[in-house]
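Right after this note come the structures.
Below are two complexes that have chain A in common, paired first with chain B and then with chain C.
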Partner chain A sequence: MRYLAVRFLQSVFLLLGVSLLSFSFLELAPGDFFQEMRLNPQISPNTVARLRSNYGLDKPMPVRYVRWLASAVRGDFGFSFAYGSPVTPLLLVRARNTLLLAGTATLLAWTLAISLGVLCAARPGSWLDHGCSLLTSILLAIPELLLALCFLALGVRTGWFPAGGMVSPGFEDFTSWHRMSDLLWHMVLPVVVLVLGCLPMLLRHVRAALLEVLDFPFIRAAFGHGIPRRRVLFFHALPASINPLVSLFGFSLGALLSVSLLTEVIMSWPGLGPLLLEAVLAHDIYVVVGAMTFSTLFLVVGTALADLLLFAGDPRIRSEALI
Partner chain B sequence: MLTSSTSEPLLRIDGLTRTRSQGRWWEKRFDCKALDGVDLTLETGKTLALVGKSGAGKTTLAMCVAMLDKPDSGEIWFDGYDLLSLTKSQHKVLRPRIQLIFQDSAAALPARFSAAQVIEEPLLVQGRYSAKQRSELAIELMLKVGLPPREANRLPHQFSGGQRQRLAIARSLALQPSLLILDEPFTGLDLSIRGQIVNLLLELQAQLSLTFLYISHDLDLVRHFSDTVAVMDRGRVVEHASARDLFRDPVHPESRALLACTDARSRR
Partner chain C sequence: MRPSKAVVLPLVCLAVIHTIVGLAGFFGPYDPAAQNREVPSCPPTRLHWVDRDGGLHLRPFVYGLAEPTGETEQCAEVLHGPYPIQLLVRGTQYRILGVLTSDRHLFGVAAPGHVYVMGTDNYGRDVLSRVLYGGQISLFAGLLATLLSLILGLLLGTLAGFYGGWRDGVIMRGVELFLALPWLYLLLALRAFLPLHTGPRQTFLLLIAVIGFVGWARPARIIRGVVLSAKERSHLLAARSFGGSDLYLLRHHVLPETRSVVLTQAALLIPHYVLAEVTLSFLGLGVSEPIASWGSMLATLQQYHILVSNWWMFYPGVALVLVFLSYGVLSNALQADTAKHGVKWNAYSSLE
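Right, the complex of A and B next:
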């Protein structure tokens, strides 16, 4: 119980810290949302000043921060100047889109990583193993930006895949079956890019964890008892190697909202990435702070989930826990 | 060599060699002869002890006999079958008959399986028993090795060293082996537990007519526990005699050296 309380407090401090930092950074950057307007000679400085005080931008930063915090804990993350609407619904819609993309990609990447990793570790030094090693090295060396651009170019050139976006025009009039296939069609390219981006590291970790476990006596003992290779790999070796992988999975979950930022921007996927980028460039403070805090919340929940999974998955930790 | 009894020996090893190449890739590789022409026989229902210094090749030999490692040359005959050239179906039949008990029971048992699951798994893989039969057999085996059945849901790390070793024995017994290879199973157990496990093994040998290949450093236990003894040195069997003859009158200097250590200890 005490452990949980401490964890909770740590998370709260983390969230506070992140929101404060993002607020401060944006404040420190010169200018504000109405900067563009001030440069326009047709709008009088009085109008700009009035707009600013309407939105509360003339108050000092600490005051604004505390006000924001007070409403944030109630779920209201403020008001977006650029969109002219409250931040929270905007964030939620965009976050949903991002989760759809990143969630699918993460699931796919993990499935591939575990299957390939087990196969490679079971036959170290084989063609498959060397092939995967080469592939992961190449993928690690290519920046995600380049990958996204290449695939986008591929899509545009061949016309097999849409040149970005999430839905085709006229989506609302589609039948539900057509809607789903349209969505999937749009998802292919960004998901491929994301999977290729995180697969190398995951694959390497899975393979390394398994290789380490395969040296242990209980693996040989299992073979000695006539247990077939496949069962030994998946029921003995994999569960024993899972601990570091569960922690990694937790981080994967925590990064769900942030990992796809670059790809979303390039492929025009309406997720948190493009929203954040636009908001930073336009000085749309509350959107930025809201998005950052949201992302951090995800990270906190993801790592907590990882710890919980670890606890639930390893009977040894469970039996020795002091909770 | 021993005078052969009327029956064929259960296990016969001829000229077994196993060379391991050692050294990192930037060093000059040198070959280390783990086994260098080993000849041994073992009669059914008897216990053969394999003794020798560390690095003499005892564990390598055990691994080869247990079919967990392949020797470079030589022959291993088990009950009329050549273990090095088995067909798939022959392998399936013989695999359960030769079982190996490891030195470190904690490292040899899967950490996430309960005791019952550990014992039942070999049965599950064989596919001959229903779930109910399997759990009944597991309880029976636990009782046979002296483990209380109410601990069936405990995990290996929750048992003491002696109980874990019993669990490993129960797991091997599930397959109804003929030959049990014991690779220093008593190290790490304190003396009283050691005695209990030794007696358990002797009882099981009498009940189930098991044959033991027992690898050890501890010559006192060897004297108590085995019928014949083979002394190994640098991959070769340098002396092979009945336990009584060896302890009374060792021939090879290596055997004498080993016995000298024990005598010094027991004289203290």
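Right, the complex of A and C next:
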């Protein structure tokens, strides 16, 4: 229990740190959302000053941070100037879309990486192993930005896939089965880009971790006992190599969110990425802070899940934590 | 540490790429900002050896280009000319590294003809010249940002590892914070507080500062590890007992130990930061038009008709892949070298 409590506290501090960091970045920013209005001769300086005090922008930064924090804890992340609406519902919709994309991609990428990685490590030097290492080298040299553009061009030219977006026009009128297939059809390209973007790193690490474990005497003993090969690989070797992979999981989530931002912008997927980009360009500070905090929340929850998995999978951690 | 053969090949590749990009004015036939409005979105000019009468030319030549006609929207070859390709021709003036002025170009054709080896963009600008000049922005932003990151990482990592105590605590919490965040989100948030519309020179410096600052955490953490282990070596303890000052110890015993790690980190970080610059420019947060960057060139592909029909606008991406490939091979070779020389280094220590 203590282990979990410590992890939870760490996550809370991380979230606090992130929000404070983004707040202080924005504090250093020259100008704010109402900066542009000041240049407009039709709006008097008094009006701008009133607007700023309405939104609390005239208060010093610590006061604003504490007030923001107090409302954020209650689930209210402030007010978007550009959209003229509270930030929270805006973020929730976008975060759901990003989660849909990133979650599917994570699941697929890890499934692929683990199955391929185990098979490669089982027979190092086989044609499968060589093929995989060639594939990872090639994929590592292609930045995701380019990958997304190439796949979009491919999809558009062949007409097999929609040119970006999340749903087709008229989505509201579709039957539920039709809606589902439409959504899936739109998800194919971004998910493929995300999976290909993070697969090489995962594959390399899974293979390396497995190779290390396969050298242990207990694996040889397991083979000696006549346990089937596949069972040894997936039920004996894989759980033993889970420790480095779990720390990789948290790391891969962060990388995935970054790649996801680009992919969302290129494929015009209405996720957190395009929202953050617009907000940055418009100095819409609460949206920026909110999007940063939300993305960190993703990471924290993801890492916590991974830790729980490790807790369940690695007896050494459990005994350490109980002491 | 003597570099192995595997290190030399990618280094040569990189040297060639950087030389060509550095001498963009010489290798590119045109001014990157000069617009030829008559031939926008022109596919790469075809080189001919055989003219329309079947005569063989020893020197490759090109035909003239006609304005795009309404139906195809692509400029066609008209058979006026031929204009033979000439080497070392005089053309527009350019400056090398901001000092030397010259007007010699590696190749070109005589006046009314045009040779666009990589085609033209939608304003009728030569893509080859823009790729080369854009490389100056993208590659050198990556290099300088890496330098900044490594300097920050060395300073803070050494401070944390060598002195320990509360400094170590504070710096390592900062490292965890910066490593926990998705770097692109961080980059955007940091870019948000900087003025968006500035002169190209300021923007370039801002980009370098932002990218370099965001990335300090990873080198700092790794360098701290190396310093921690170096601090306990017996030769260092001996030097300390002879009365060596901290500065002396750092300079002669600790920093040399970090050299191979710093080199490996540089090979990992440079392509990463080149990509960061490309990404920011792609998102419209980088150096503004008419100055080229690989990112802003790729950004034109976000327009539907360009993505569908102007495949040659992918050329900056090809250049990017070449750079990535060279750095990838280089960093692999460096890591293999370091592993051979007994310093503890494996795939995980880049994550830990």
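Here is the rule we go by: the second predicted complex is superposed on the first by the 296 of 323 C-alpha atoms of A that agree within 3 Å, B and C clash if a C-alpha of one lies under 4 Å from a C-alpha of the other, contacts with A are read in each partner's own complex, and residues count from 1 in each chain.
The rule is short, and it goes like this: a residue touches a chain if its C-beta (ideal position, glycine included) is under 8 Å from a C-beta of that chain, and two chains touch if they have at least 3 such contacts.
None of the values given here were measured: they were computed from a predicted structure.
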Chain A as common anchor, with chain B and chain C clashing or fitting: fit
First, second, both or neither for A:159, with chain B first and chain C second: neither
Chain B versus chain C as contact partner of A:45, first or second or both or neither: neither
First, second, both or neither for A:140, with chain B first and chain C second: second
First, second, both or neither for A:216, with chain B first and chain C second: first
Chain C versus chain B, contacts on chain A by residue: C
Touching partner for A:314 - first (chain B), second (chain C), both, neither: first
Which superposed partner A:239 touches (first chain B, second chain C, both, neither): first
First (chain B), second (chain C), both or neither touched by A:224: first
Superposition-derived minimum Cα distance between chain C and chain B (Å): 11
In the complex, chain B residues that touch chain A: 66-68, 92, 95-96, 99-100, 102, 104, 107-112, 121-122, 125-126, 155, 157-158, 168, 171-172, 175
Chain A to chain C touching residues, read off their complex: 14, 17-18, 21-22, 25-31, 137, 140-143, 145-146, 149-150, 152-153, 156-157, 163, 204-205, 208, 244, 247-248, 251, 254-255, 257-259, 261-262, 265-266, 276-277, 279-281, 283, 288, 291-292, 295-296, 299
Residues of chain C defined as touching chain A within the complex: 173, 176-177, 179-186, 188-196, 275, 278-279, 282-285, 298, 301-302, 304, 307-308, 311, 314, 317, 320-321, 324-325, 328, 346-348, 351-352
Chain B-facing residues of chain A, complex: 216-218, 220-228, 231, 236, 239-240, 314-316, 319
